[in-house]
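The following pair of complexes shares a single chain, subunit A, combined with subunit B in the former and subunit C in the latter.
Here is the complex of A and B:
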């Protein structure tokens, strides 16, 4: 690219040869009105609002599609440019209803703003305006298509970013409409971004409809903590309630997009199941008490029992500060029983895999091998970066137990049940080593290699910038550590990077503060060790624990004293807990999220905590003080974060041997839909009504179904059975939003 | 949904484009499927074409709604496609369209009771030299008058 000089409105500015005039003007802070142009989307040049006068051209030129060339002299506001802009504005307003007073976009509307500056107070148009019937596109996006100005940003967003072409421009001329094919609802996990790109009030947030005027809200900078990216957001609040969440630009993290989960989960904050008051159980009856009385009850209960019989379990979505303080409290008491890995089949064999690639680097890869992951739904923003790479020609291979609906083409796809994953990956590794004439380790001597594995291996060795991604579903595999080791070896043999997406939320914060047993009991062991005291931090065993029935039974023992520091209450928590300390939820507490790049992003509270609930770091600090533990003299959460971030976690590098463990002949892979992945999203109603939110099926092949004596329509662990051949033999893939059953 | 015969016809069009560009054959595919479906398209048939050509269904739908050639409601055996653009309009197309409506008892966009004819207003068919004109099937009828329309209608079976 050549650096060129052009002149805009008399001032000399620099750009690259071929760069559009509008992008240079944007960088220089020169205003050019626009509707269809969006920096992250292709150029359509169909709204004509950005017409500017380019000297030497008889007609005005659209700034978005006119490439700059050296010496070009552009006028954005001379008489010719202004007359064109004004004329276009008049055309755009011909069919627009101008119902601004009842439009949710009012006050933050690009059409309103541009009309203010470039519009006329009189229209020459005396004919009737057209009206467009709304098809309805699901629970998240409200359509008012009469307001649409046909900029096609939403259409291009679907085709170019979301990767699912759902909206389209149908009909022609006066009949042109922006609509989906059928009104079944939009399927994309990124659909909410269409609301952000829509320059008018045609697409607005459905849960936010008629809630409050946009200018009455405060925008607070925050960070979403549902996934490994920590997308930057604004929480928009009014009278102490979060009314809406929108994306905040951060090129290195989430660019300008956020997932629907990050955007709409706030609805859960006002759910009726929130824990709002401190409670203690007296003779089997719950009594609402003061914080002092509840903390007193918790303290005396904890003091009664020995440290060896104390266990702490925390949610993966807890803040860094909460995790740090709870581990400090647990270790201060003298216990090493602490864990966040409740959903892992075998916590003593978790997938230790280092992430060696940044989000931006993902865009430059030429091959991705995705192991045990439905990345599109698990980590939407990471998947989005990989999709961008595929648009530049990157190939994707998968080793999964179910065929997933990725939003890019998958070149090599191997179906492999959990019990065969080690063999499959061993085959890939062996093919790689043999292709490069490298020495084979002992454990690969007897490994058989098939063509599919050779294909993956050859694509990997041909690639210069490959990444191997390990996903959530590995947690259903009792040999997760061996899978992780094979992934590491494959990456090493093919000179690829690795990305560990096997644990989501704020898992890296838990790693940072070593929120896992160092010689003590792990999550699974704690429920079989007859512990006397449990402290649960936002843990809901019905959803969170692999064997929820056993966990609840153990927590319900008469001699088990359970302190639940929870943001929500459910029947099981009310059943087994002895003290409930209501916890401030997302956006109600300050905190820190550590993302996949190990970047710590801190945020303040956006709203006051609901009811009598309190931020977790305060609750844990006071609890520690009452337990007379030293070192809890914190006055605000940044002090806690400073202490937590100064820790260097002891990365235990244990040698893993590849010896296939005993796995049942038929394995179960349990995966939650993204809208059942944590407690807040589970309580967000609109997300639950989407197509993704409604997924609940146990997919099984005909042959496996026969062995298990299942037929279509039966239930497997409480989930409806769906028999088809998209799933690996020898496993049941449960993809659901329901609580775990045996 | 799509018969084997229609698939063969579509395949000859797909073969005209480079590999992987099979969606370029969407216009012909829609035409073939429409012909097989008594002259009109349904949501199901558009979906079937999109599936067959491995393209997003909305993209096929965009094409099907953009061009006048595709019908989205059942049509008669003969579709009278009456031009109403400038040359035909100046030469009295509007009056002739009303005449046609009265004569056949079929309003624009509707089908006659016996299912024989339906009438559709279309954009310029490129036969301005013979305006006013309409098209039935593959044939253009030009320099229309009331008398000529009567004769053409009588000839329809």
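Here is the complex of A and C:
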């Protein structure tokens, strides 16, 4: 790229040759009106709003599609440019209804702003306006297509970013309509971004519809903590309630996009199941009490039993501060029984895999091997980066137990049930080592290699910047640590980077503060050890625990004293808990999220906690004070975060041996839909009504179904069975939003 | 000398008193300008800004669409509005309160209203019996509108050619 000098409005500015005039102007802070141009989307040049006068050209030129060349002299506000902008504005307004007063975009509308600045004050148009019938496009986006100005940003977003072409332009001229191709509505997990890119009120947020006007809200900077990325967001609040969440630009984290889960989960905050008052159970009856009384009950219950019989379980989505204080409290009491890995089939073999790639680097890869992951739904923003790489020619291979619907082409796909994953990965590793004529370790001596594994290995070794991604479904595998080791070895042998997406939310914060047993009991062992005291931090065993029935049975024992610090109440929590301390949920508490790049992002509370609930760090601090534990002299959460971040986690480097463990002939992979992944999203109504939110099927192949004596329409662990051949033999893939059953 | 004589004639001829009595006599037969309020009222400009009202369309549907422009423009923050989507999909208010102690009767709310829903009527003689009754809610405002719709629409019509 050559640096060139051009002149815009008389001032000399620098750009690269081939760069559009509008992007140079944007960088220099020179205002050019536009509708269809978006910095992250391709150039369509169909709105003509950015017409500028380029000297030497008889006609005004669109700034978005005119490349700058050396010595070019551009005028953005001389008479010629102004006249063409005014004319375009008049044409755009011909068919735009004047319903700004009832339009949710009113006040933050690009069309309104540009019309005020560049339009004329009266319209010459007296004829009838065009009306477009609306087609519903799902529970998240409200359409008002009469307002559409055909900028095609949403169409290009779907094709280029979301990777699912769902919206399109049909008809020509007056008949041109932007509409969904399918009547089922939008299916993308990033669809909410269409609301952000729409310059008018044609696409607006459905849950937000008619709630408040844009100027009434305060925008508070925050961080979404549903996934490993920690997307930067603005929570927009009004009268102490979160009314809307929109994306906040951060090029290194989420660019300008956020997932629908981050955008719409706020609805759960006002759900009727929120725990709002402290409660204690007296003779089997719940009594609402003051915080003092509830804390007193919790303290005396905890003090009654010995430290060895104390266990603490926390949600993966808790803040760094909460996790730090709870581990400090637990260790202060003298217990090592603490864990967040409730959904891991075998917590004593967790996938220890280091992430060695940054989000930005993901865009530059040329090959990705995705193991045990439906990355598109699990980590939408990470998947988006990989998709960007595939657009530049990167290839993707997968080793999964189900054929997933990725939004890019998968070159090599190997179906492999959990019990065969080790063999498959061993085959890939062996093929890799053999191809590079490296020495084979003992455990690969007897491994058989098939063609599909050789294909993956050859693509991997041919790639210069490859990444191996390990996903959430590995948690259903009892030998997850061995899978992780093989992934590490494959990455080593092929000189690839690794990305550990196996634990989501704020798991890296839990790692940071060592929120796992160091010699004590892990999540699974705690429920079999007859512990007397449990402290649960936002844990809902029906959803979170692998064996939820056993967990609830154990928590319900008469001699088990359970303190639930929960933001929501459900039947099971009310059943087994003895004290409920209401917890401030997402956006109601200050905290810190550690993302996949190990970047700690702190955020403040956006709104006051609902009802009588309190931020977790305060609850835990006071609880520790009442338990007379030293070292809890904190006055605000940044102090806690500072302490937590100064810790260096004790990375246990235990050697993992690859020995095929005994696994059942038929394994179950349990995967939650992204909208059932944590307690807040589970309570967000609109998300549940989307197609992704309604997924609930146990996919099983015909042969496996025969063994299990299942037929289409039966229920497997409470989930409807779907028999088809997209799933690996010997496994049942449960993809659901329902609570776990035996 | 002549001046002095003239003054003497005027003083002894009760000149000032006659001039005064002349005005009195004129007023005695002239039209009376005293208005017997409240039985009688002075004429009011169609632009007079008195007590607020919310109007309805002739079919009985309330005009207000909860755009909140009046709330935004109100310099005294006297207006509070909450909105919702009604079952028929239209945008409506669930709450529309005006605090008349805060209101400065500037008329910006009616200027801002895109549907002529909030208007200021010609009613200026009202009183409160308790502090909290200074806040009129949606029901009260609609009642004022219903009661005075004739006068309101007449005033709008008269003023329409100057708008």
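In this text, the second predicted complex is superposed on the first by the 742 of 742 C-alpha atoms of A that agree within 3 Å, B and C clash if a C-alpha of one lies under 4 Å from a C-alpha of the other, contacts with A are read in each partner's own complex, and residues count from 1 in each chain.
FYI, a contact is a pair of C-beta atoms (placed from the backbone, for glycine too) under 8 Å apart; a residue touches a chain by one contact, two chains touch by 3 or more.
Model, not experiment: these values are computed from the prediction.
Look at A:441: by the touch rule set out above, it reaches neither subunit B nor subunit C. When both complexes are overlaid on chain A, the residue A:172 reaches subunit B alone and has no touch with subunit C. Within the superposed three-chain model, A:181 lies in touch with subunit B and out of touch with subunit C [touch as defined at top]. When the two structures are aligned on the shared chain, A:611 is found in touch with neither subunit B nor subunit C.
By the document's definition of touching, neither partner reaches A:71: not subunit B, not subunit C. Comparing the two interfaces of subunit A, the one with subunit B and the one with subunit C have no residue in common. The part of subunit B that touches subunit A in the complex is made up of residues 43, 46-47, 56-59, 61-62, 65-66.
On the side of subunit C, the complex with subunit A involves touching residues 65-69, 72, 83-85, 90-91, 114-115. Residues 100-102, 106, 209-213, 215-216 of subunit A are the ones touching subunit C in the complex. Put simply, subunit A touches subunit B in their complex at residues 159, 164-172, 175, 180-182.
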